[in-house]
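Below, chain A partners chain B and then partners chain C, in two separate complexes.
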Partner chain A sequence: MKAEWIGAVAGGMLALCAASAQAQQTVNMPIVIELSGAGAVSGTNFRDGAVIAIDEINAKGGILGRRISAPQSDTQSNPGVSRAQVQKAIDGNPYVILGPVFSGSVKVNMVLAQQAEVPQFTGAEAADITQMGNDYIFRTSFGQQMSMPKIANYIRDRLKAKSVAILWVNNDFGKGGRDTFSKEMAARNIKVIADVSTESGQVDFAADVVKIKGANADAIFVYTNEEESARFLREARKQGVKAPLIGETTLLGQKVIELAGEAANGAKGHVGLTVDAPIPAVQAFRDKFQKRFNYLPDHNGIKGYTAVYAVKHATEKIGSFDRKLLAKTMKGLTIKPEQEPGILMEATWDAKGDIDRISFLAEVVDGKQKIVTILPKLGK
Partner chain B sequence: MRMPRNARAIAAAVAVALLVAAPFGLKPYGIYLLSLWAVMTIAAIGLNLTLGYAGQISLAQAAFVGIGAYTAALLTTQGWPLWSAFLLATGLCLVVGWLLGYPALRVQHHYLAFVTLSFATLVFLMLRNEEWLTKGVYGISGIPRPTLLGWSTKAPLDFYFFCLGVLALVSAAAWWLIRSPWGRAFTALRENPIRADSLGVDTRRYTLMAFAIGSALGGIAGVMYAPLVQFIEPTAFALNLSLNLLLMVMVGGSGYFLGPFLGAAVSVLLPEWLRFSEGLYLILYAMFVMILMAFCPSGLLGLAERLRKPSR
Partner chain C sequence: MLLWQTSQTINFAQGEFVMLPAFFVLAAMKFGGLSFPLAILAGLALALLVLGLLFKRLVVDPIIRHGVLPLVISTVALAIFLKEGVKEFYAADAQAFPAAWATTNLALGPAVVSVQNLVIIAVAVAAVGLLQYFLGGTRTGRQMQATAQNPALARILGIPVERMILYTFLINAALVALASFLISPIYLAKFTNGETLGLVAFVAAIVGGFNQVRGAIVGGLLVGVIDNFVAAYWSSQYRAAIPLFLLIAVILFRPQGLLGRAEERTV
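This part shows the complex of A and B:
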C-alpha cells in the first residue's frame, strides 16, 4: 500500500513537468500537423512543403530580418490531441500556426487560435470551416463549396452523365463533400442512384464496388482519403468497373497513383492543386521537393509551401509582426508570382479566408496525372 | 502490509497538495493536459471497478464516456446547466450499464470482451448515424464551460480545479465503495464466483451492479470531457478510447485503488513528455508499455509492490 502512495506522488511530479516554456528570439511559426495516424500521408506532405519554404526563406535572411523557427507537433490525426498541440503552440506566443490538414482537428482547435488572435493556415477542405465567422482561419486550398461545382459542371458538360453513384468516406471531410456534391447534382438534374458510405482506414472495398457496379450509373464519384482511394481503385479495376471514375485531388493525387499503380489509369476529375500543373514554378517545386525528401509531393506539399510564402508576403507588406493586422491584411489579398515567386500560382483570399486560384481538370494516363484543361479563377 | 494510518494520511495530503499546486506556473497547454488526466482518471476508476475489482472485462467504457459527453453537449448547448447533464448521464449510464451486465452473467473473459466490443461499436454507429440528434460526423462545437454558484470555469485554471473537485468526489465515493460490503462482494466475485455464491453473495446482482457503477463513472467522465475539449465528434469515443482506458487500468495496476491515477498519467502525460524525441515518441511510448506489460503484468503499482517485497 505504501508503494501505491509513493507511486501516486511520483505521478504528481510527472504532471508538474508536463509542460515546458520556450524562449524565442526568432519568429515562431509552429507546424501542428498529422504525422501519425490516418492523416500521416497528408500531414507529412504539408510539413515537408512548409519546411522547404522555411529553409529557403531562412537562407535568404528570414522575414523582415528574423529567422523562422517552426517547431513541429504531431496531432496523431486525433482532434483531442490536436487541441492540446495547438494550445501548446499558442502558449509559445506564435506569429501564425500552420496546419492541421484534417478538418475535424481544425474544427476543434481553430476556436483556440481565434481566441488567441493567431492566424491559422490550414490544409483542411471541409466546407463549414470558413463559414463559422472565424476571422483567423485561412485556407491553403479550395474548400468543398468551391471545388464541387467545378466537378459537377465537368460531369454535366464533359461526361454528359444523367446519373451518378457516390462512394464517400464517412468522416467530416467525406460527408461534407458528399453533401455538397449531392446538392450540386440536384441543381443540375443529375440523379444520384447509389450512395455508398465507407469507413476511414477501410481496407476491403469488394462489397462496395459490387454495390456501385450494380447501380450501373453513368459516372462514379469517389470521395475518400488518399490511401482508401488507392484501395478502391485497385478493387474497381479487379471487378472490371467500366463507368468513368471521377474524383477530386484525393483520387488523382500523386500518392494515390503511386499506391494504386496501374489501376489508377483512367481516373479523372478536378484538382485544385497538383505538382503536375503545367506551370514551371510548380514543377520546379516538385523537383526540389523530390530531390530533398525522395518522394513525389502531392497537393498537401504545395499547401504547406505556399502557406509559408503567403505569410512572408503579407508580413512584408505590413512591415511588422502584427498578428491582428496580418489577419486583416490577408482578407482580400491577392499575391502574384511576380511579387512573390514562392506563391507559385496567383492566389486570392476572400473575407472568409477561402482561397481562389486557377484549377485543373485532369486524367491519369500511363501512371501519370495529365492536365487536360486549366479552369480560371472563380473571381474572374 | 499496510502503511500506518497517519503515514497514509500524510502521503494523501502531499499528493493533493501537489495536484493543487501543479497548474501554477504551467501554461494553458499543461493545465489542459492535467484536466484531461483528471477526466480520464474518472473513466478509468469506473473501469477499474468493473475490471479490476469485479473482474468483468469491458471494452465499452468509451461508449459510456461518449454517452456522457453527448448528453452534456446536447443539454448545455441548449442552455441547460451542466448538473442536469450529470444527473441524466449518470442515470442513463447506470441503466444501460446494468443492461449491458446481463451478457456478463452468461459469458466471461474474451467472450465478454467481444460482447462489450459490439456494444461499443453500436453506440459509435448511433452517435455517427443519428444525425438529427448528434449532428453525425460534423460533431458538436461551442460547448460552454459551466458556471457554478457564480464561479465561472471558463479559464483553463478554473476548469482544472473543477475537474479536480469532481475527481476528488468520485475518488472518495470509490474509496468508500471498495471498503463497503459491496466492494468486498466485487472482489469475491473476481476471485472465486462459485465460492462467493456459496457464501450467500448474490453474484448476479453484484455483477450487474459492477457494470452499472463502472459505466456511470464513464458517463461522468464524458460529462466533464465535453466542456473540456468544447467540441465532440463520434470518433473520439470509438474503440481507441476503450483500449486506451483499458491500458490505463492495466498499466497503473488493475485492482489497485490508485492504479487508474497512475495509469491515466502514463497514458495522457507520458506521450507528451516523450515528444522531445520528435518522430520517435510514439515508438518509445509503445516500447515502455510493452516492456512494462511483459515483465510486470500487474502494472506499475504491482511492480512497486514487488520491488518492496525483498526489503521486508
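This part shows the complex of A and C:
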C-alpha cells in the first residue's frame, strides 16, 4: 500500500515536471482580434496571416527554441469586449499581444498592454494611436498620417481635382482618416464640398450616394470599412456615379472586390499593403494563404503575418524573451527580407511605433487590383 | 402581421427570418453544388420547412398556450439562435449574393434608374397584389380571413382552423424568402442583417397599423422615404433617429397606427 502511495506521488511529480518543461518550451503570443461583427473581414485575415507565420516558425523549431502558443479571442468588433479580452490575455503573462485591427478597440485596450509593459502589434490605422506616448504599441500597416499625404498627392497630381467629396465611417478609423485627409486637402487648396458620415455596419447607402452625387465633386474619397465600401460601390454603380472613386486599402482590397463585383471596377487609390504587389515574396504569401484557407487574403493577412515575423526577428536579435527590451529594440529597427524572409518587404519602425515601407498606387480593373505605381519609403 | 392576425404570434425573429433564406441559397450553392436558380428553389423549400412548418410546430404551438409574452421571449431567443448559428456554421463576414436580374441602369433624361430597383418594386407590388387576391378572391383566402377574425366561429362553420393557421405561417415563410432574395444582392448576406431589417419592419408595422396589411405597406413606404429624405437632404447622422420619433408620435397620438383599426379587449 505504502509503495503504491509513493509511486503515485512520484508519478504526479514527474507529470508536474513534464508540464513545467512543456510550459518552458512555449512562448505565449495571444491573438486578440475581430472574428465577428463589423471587423470580421479584417480580423479574420489578420488572424489567418498570423497563424500561417506561427505554424511556419514552429515547424522550424520556434523562436529561440520555444514554440509559439497563440490562443485566440474574439473582440466582436466591440471596444469594451476587446478591453476585457486584452486584460484576459495579460493575465496569461504574454510575451506580446497580436491585434486588434479596429482603431476604436486599440485605443481603449492599448493602455492595459502599456501598463503591463507588453508590446502590442496592431493593424489599426487611426493616426493618433501612435501619438499618445505609448512605448509598447507597434503598427504593422501605415498610420493615416503616412498614407493620407500620398492619397492627397495622387488627387492633386494625377486627377488634377479642385474639389472632393468625402464619405467616411463614423468610428475612430473613419474619423481619424477624415480629419487627416481634410487637413491634407486644405494644404493643397483642394475644396471639400461634401462631407458625409455613415454608420459602421450600415446597409443602405442610397441617400448617401444621392448626396455625394449631387455635390458634383471632381473626385470622391471613400473611407469606410470593407463591407460598407462594397455596399457603397454597388449603390454608386446603381446611381450612375461618374466621378472617380478614390480610397485606401479598404476600398481596393480583395474582399471589397469580391463583394462589390463589377461595381468595384474603376476604383483607385493608394494601398499601403496588397497581396497583388509585384513582389515575389508577397505573391508567394498570397498563394500559400489561399491554398490553406481557400480565400484570397487582403492587406490584413500581411499585417498579421509580418507582425509575427517582426517579433521573431527582434527577439532573436536581443537573444531573450525580455518584453521591455523587445519594445526598445523595435524603435528604429529596420528588417530586410534578406535578414528575415517572412517580413516580405523591407520595413522600418520609428520611435513612435509607426511602420515605414514601400507602398502602391492601384486601381481595380476587370475585378482585379492592378498596381500602377510603386511609391518609395517615406524615409528615403 | 399575418401571423399576429391569425395566431396572435408576435415574431421578434422576423428580421432573422429575412436574413436566413439567403444563407440557405448560398449553402445550397457552396455545399450542394447547385446552380443559382436551383439553389433559389432549394432556399425557398427550406424556408417553408424551417421558417414555416418547424417554426409553428416547434416554437409557436407549444408556447402560445402559455400566453403572448412567453412567445415574444421565445422569438427573441430564436432570433439570437439563428444569428449566432449562421455566424458559427457559415460565416461571420458579409457574403456576396448573386442578383437574379441585370444590374444595369436605365437613363431617363437626367435621372438614372437602376433596373435592379425597378425589378424589386415590380416583384414587391406583384407579391402584395397576389397576396391580396389570394386573401380576398379565393375560397382558402376567405377561410383564412374568417379564421383571423373569429377562430371559434370559423371552426363551427367547418373551416379547418389549424390548417388555415399553418397556411399563414407558410405564406409568411415564402414572403420572407422573397424579401431575402431581393434584398441580399444589395445589402450583402450577413448574419447581422436581421437586426436592421427587424427593427425597421417593426417600426413600419406599428406606424402603419399592426392589424392591417395595407397599413404595413404604407408604414414601410413612409419610414423608408422619410429615412432617405432625412439622410439625403438634412443629416445622415440623425437618419436613424427620425423614424423612431415618428414611432413615438404614432404611439402617443394614434396608437392603432395610421391605417390601423382600434381594438378593444376585455381586461
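The rule is simple: the second predicted complex is superposed on the first by the 355 of 380 C-alpha atoms of A that agree within 3 Å, B and C clash if a C-alpha of one lies under 4 Å from a C-alpha of the other, contacts with A are read in each partner's own complex, and residues count from 1 in each chain.
Following the convention adopted for this analysis, a residue touches a chain if its C-beta (ideal position, glycine included) is under 8 Å from a C-beta of that chain, and two chains touch if they have at least 3 such contacts.
Not measured: the values here are computed from a predicted model.
Student: Quick one: is A:Ala59 in contact with chain B, with chain C, with both, or with neither? Answer first, second, both or neither.
Tutor: In the superposition, A:Ala59 contacts neither chain B nor chain C.
Student: Pick one for A:Pro79: touches chain B only (first), chain C only (second), both, or neither.
Tutor: Once the two structures are laid over each other on A, A:Pro79 reaches chain B alone.
Student: Once chain A of both complexes is superposed, is A:Lys107 in touch with chain B (first), chain C (second), both, or neither?
Tutor: first
Student: Using the superposition on chain A described above, determine whether A:Arg237 touches chain B (first), chain C (second), both, or neither.
Tutor: In the superposition, A:Arg237 touches chain C alone.
Student: Between chain B (first) and chain C (second), which does A:Gln87 come into contact with in this model arrangement: first, second, both, or neither?
Tutor: Only chain B is touched by A:Gln87; chain C is not.
Student: Between chain B (first) and chain C (second), which, if any, makes contact with A:Asn170: first, second, both or neither?
Tutor: Both partners, chain B and chain C.
Student: Could you figure out whether chain B or chain C reaches more residues of chain A?
Tutor: So, of the two partners, B touches more residues of chain A.
Student: By the touch definition at the top of the document, which applies to A:Ser36: first (chain B), second (chain C), both, or neither?
Tutor: A:Ser36 contacts both chain B and chain C.
Student: Of the residues on chain A, which ones does chain B touch that chain C also touches?
Tutor: 35-36, 170
Student: Quick one: which bits of chain C touch chain A in the complex? Just the residue numbers, please.
Tutor: Answer in residue numbers: 87, 92-96, 103, 105, 107, 112, 114, 116-117, 186-188, 190, 192-193, 196, 227-233, 236-237, 239-240.
Student: Spell out the part of chain A that touches chain B in their complex, as residue ranges.
Tutor: 1-19, 21, 35-36, 72-74, 76, 78-80, 83-84, 87-88, 90-91, 104, 107-108, 111, 128, 132, 170-172, 174-176, 200
Student: Where on chain A does chain C make contact in their complex?
Tutor: 35-37, 40-41, 44, 170, 196-199, 201, 203-204, 206-208, 210-211, 214, 227, 230-231, 234-235, 237-240, 255, 258-259, 261-263
Student: Can you list the residues on chain B that touch chain A in the complex?
Tutor: Residues of chain B touching chain A: 1-3, 7-8, 11-12, 14-15, 18-19, 22, 26-30, 32-34, 36-37, 128, 136-139, 141-142, 229-231, 233, 235-236, 253, 256-258, 261-262, 265, 269-270, 272-273, 275, 278-279, 281-282, 300-301, 304-305, 307-308.
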